[in-house]
C-alpha cells in the first residue's frame, strides 16, 4: 500500500503529464477549434515545453518543485485563458507539496479542493458551464469521499481520475457559458471541452506513476 | 496731351484690368495647362474678384489706393507663384502713386522699374527664362526710353504696351527655366507664358484709359 | 496589402521596447524578461502608492508611454492585443512598489482581468497589497443585461492613469486611490468609430473590411467589428450622435462639468481630431455641458486604425486639480 | 477609397484650427483672418526675439503644435500642402514681435520661400526686422548641381524650432539666433521613406500607388514620389541604408555626436518607430557615432502617409544645453 508520491514520483507525474498532453495536442486543438479559437493545444504545449526546459536547467530538489516550475511557466508564458488558470491550479499542488516528504491522499485532496476554489474565484465558472471546472469539481468530490473512506493513494487517484474523465466526457453535451465556447452555442455539442480533458490527463499521469510503483 | 492718370483713372485702369483678365481666364488657364499646372486663371480671378469686392467695400480715396488694394488682395489670397509676385508688382505701383495727384510718365517708369527689380530679386528669373519678367523687362526699357525722349503719357503707355506684348508673345519660343514650365521642357513651345501675357493685359488696360481720355 | 516597418513581426514588441528604452535616456528602464517598463526612479519615495497598468501591445503610446512622474510607476506590455501574463504583472508590481502598495489599472477584458487578478494573489504571498481598478467605459459593448464580460475598457483609462497618478504623487493612500479610480471610471463613458481597421504587423490585410459608404459605429480596439454600421457622414452629423451615446448613460445634464478626450485610434490625422473636437465643443455648449479640460490627440491606438473615440468624464474641482498637476512621461507631459 | 473625418474638405484647416485653439484653453490664440496661431503671452517679454514658422497644413503637429514657451512665438498655416500668404506671415510676425525682431524658420520650398521673403519686405516697411533661416535637410532632393530649388526642408525644422526657441528664451539676439539656425541646418540631413502615400482630405485615393513589394525611397512630404523605389525589406536592412544617405553628406565620423529624430509621417505606429530607432542606435553604435539626444514619434506628417524619416543633426555641448532647456507647447513639452 502506497502512502504518497515521493519527490522522484512528483517529477515522474509532471514529466508524464507533459508527454501525454504533447501526444494529445492535435486532438485538443481540434476540440478548441470546434468550440473556441483553436489555440488550446499550442497554448498548452508552448508552456509545457518551457516547463521541460526549466526542469532540465533547474532540476527539482523539493517535492513541490515540479508543480512550482510548471505553475510559473504557465503564469509566465501562456497566452490563452486556460494558461493562467492552469498556472494557478498547479500552484495549489506546489503549495500542498512544498517542503513535505510525501504527497499523500491528504495533500492531493487539499490541492484539488483549493485548485477548484481558486479557479472558480478567478474564472467564476460553475459546474455545467462547459469548462475545466466540470472535470475538477467531480474529482474534488471523489477525493473528499476517498479521504473520509480512508482510501489508499492508488484508490484515491483512481477515484479522482474516473470522476474527472466522466466530467470531461460529459462536457460534450453542454452548452458553453464561459470562455469562447459561449460564443459558438450548439456548434460545440458533441465535442468535449479541451480544458476539462486536460484535467483528466493530469490525473491519468498520476495514475500511471502510482500504478508503476504498486505494480 | 495728358500728363498723368488721375485718381479716377487709376481706378478705371484697375477695373479694366480685372475685367480683361476675367475675360481671358479660359485662355490663360489653358496656357498654364500646357506649361504648368493649369491653375493660373483661377489664381488670378480669385484674387481679382476679391479686389473688386474690397474696392466696393472701401472705395479708393487716394491715387494709389486701387493698386494698394489689389496688391494686398494678391498677397493675402493668391496661392500660386504668380500671386505674390503680382502682389509685389502692384505694390510698386501703389508706392509710386501714394499721396500723389497724378500718375504720370515718371511714376509709371519708376513703378515698372522697381517692379522689375522686386520680382527679379524675389523670383530670380532672368530675361529669357519664360516668365512674366520677359514682358516686364522690355516694358521697363521702353518706358525709360520714352521718359528720356520726353514722351507724353499716351506715348509712354503705348511704348510699354507694345514692348510687353512683344515680350509676352516671344515666350512661346522659350524653354522654361523658372517655375513649373521648367519641368515640362519642349512641351510648352508654341504656347505663350500666361504671366507675361497678364503683364501685357495690365498695360493694355492702361492704354484703354489713356485712350478714352485722349480720344 | 498593408505593410509595416518591421523585422520578424513576432519580435516587434520587444524590439520596439528596446528602442523605446534607448530613446528615454535613463528615465525609464525596460526589464526584458519578464517584460515590463518601470520608472528609473521607482521605489525612491518610500510609501508612495505605486500605479501599475498594462495590457496588450498595439495601443501605443498606451501604456508604456505613460510611465513617469505624475502617472504610472510601471507598465506591463503583452503581445499585440494579448494580455500580459500574471508573472510579468507580479514582477512589474514588485519593482514599482515602494511600500505603499500597488494599484492595478486594468482595462476590462477577460484576459487582462484574469491575469491582473492572479498577479494580485501572487503579490499577496509576496506581502504586497495590490488592488485593481477595472476600467469599463466603452458604451458600445454595454449589453445592459449584466451578463458576460461587461463593458470593454478604452480611452478613459488614460484619465484614470493621469488622475490617480497625481493623487499618488500628492500622497493619497491605496484605498483613497482605488476609490478615486472607481469614481472616475463610473463617471466615464467612451464611444469609438472607425473608417478602416488596423492591420496586424506582418499581416497583409486589415482585420476587417468596410464599404466606402460605411462607418464602423461602436468599434473595439482589438479589431473587433462594431455591432452597428453607420452611413458615412460629415463630422457635424457624426459627433452629435457619438455624444448622445456617451452622455445618455452618464445622465449628463445642463450645467454639469466634464473632462473630454478626443482620441485618434492610429492613422487619424490631427487635423481631423481637432475638427472633431470643434464639433464636440459646439454640441456640448448647446447642451450647457461645461468642458473643464480636454485632451485631443493620439493617445490610445488600435494599430493603424483610421478611427476616433470620444470620452466624457464627469468632472469636479478635485479632478481638475489632479488633472492640472504636473505629469512627465514620454507621451504626456505638462 | 480613403475617407476622413471632415465636413467640407475645403473647411478642414480652419475648423481644425478652431478646435485646436479650444483645446489649448487660452495658452494659444488663433487669429482667423489673416490666419495665424500665436502664443497668448506673446509680446510680454520686451526685446525677446520672436520665432515664426509656417508652411502648408497637413503636416500637423508641425507647426502650430510647436507654438509656446521655449519654441515658436507664432505659426502660420497655409491650406493643405500650400504656402501661407505673405500677408498672413506679416500679420503673425507683427503679433509675435516684442521689439527684438523676428526670425522666420522656413522649409525650403519655392512657395514658402517666396512668401516669407515678401513678408520680410513688408515687415521692413513696418519697421520690424525679419531674417529667415531656410531649412533644407532632405538629401533625397539634393541634385548636387546647385541648380533648381535646392534641397527640400523636412524634419530638421523641428530641431531648428526647438533649439532656436531655447536660444531666444535665454536672450540671444536676432543675429545670434539666425546664425545658430543656419549652423544647425548646415549640420542636418534627413532621408524619408514610405510604404503608402497619404490621401488629401476628401479625396478617395492616396496621391500615388505603390506595389506591395516596393518602398518609396527618398519620398517628399507633399505626396511627391521619390526618384527611387526600393524593394520591400526588413528595418534591419532599411535603416542602415537610410543612415548612409544622411551620414555621408554630413561626413559624420567616429566619435562625432548627433541629435537624432526618428519621425513618423502619419500612420506609422509607435511600435514601428521605436523598432526603427533600435536599429538606428545599433547602426550608429557600430560606427562610433554618439547619439546625444533622440526624438522618436510623430512630429511632422504628410497627412496619413505610412512612412518615416531619419534625421541626424551634428551636435555639440551648446546644442545639447539648448535641447534640454524647457519647452512647453501642445506637441512638445519637457
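The letters A, B, C and D name the chains in turn, as written, and every chain counts its residues from 1.
Please note the rule applied: contacts are C-beta pairs under 8 Å (C-beta built on N, C-alpha and C of every residue); 3 or more make two chains touch, one makes a residue touch a chain.
The chain lineup, named per UniProt: A, B = Dihydroxyacetone kinase DhaL subunit; C, D = Dihydroxyacetone kinase DhaK subunit.
These figures come from a predicted structure and were not determined experimentally.
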Interchain contact steps from chain B to chain D (minimum; 1 if touching): 1
Farthest chain relative to chain A (centres taken as mean CA coordinates): B
Cα-centroid distance, chain B relative to chain C, in whole angstrom: 59
Centroid distance [mean C-alpha coordinates] between chain D and chain C, Å: 29
Rounded Å distance between chain A and chain B, as computed from the means of their C-alpha atoms: 90
Centre-of-Cα separation between chain C and chain A, whole angstrom: 35
Pairs of chains satisfying the touch condition: A-C, B-D, C-D
Contact set on chain C toward chain A in their complex: 34, 79, 82-83, 85-88, 110-111, 114-115, 117-118, 121-122, 148
Contact set on chain D toward chain C in their complex: 1-8, 12-13, 15-20, 22-23, 25, 57-58, 60-61, 65, 195-196, 201, 204, 212, 232, 234-236, 238, 262, 266-281, 293-296, 298, 301, 303-304, 306, 308, 328, 333-334
Chain B residues within the chain D interface of the complex: 72, 75-79, 81, 83-85, 87-88, 118, 122-123, 182
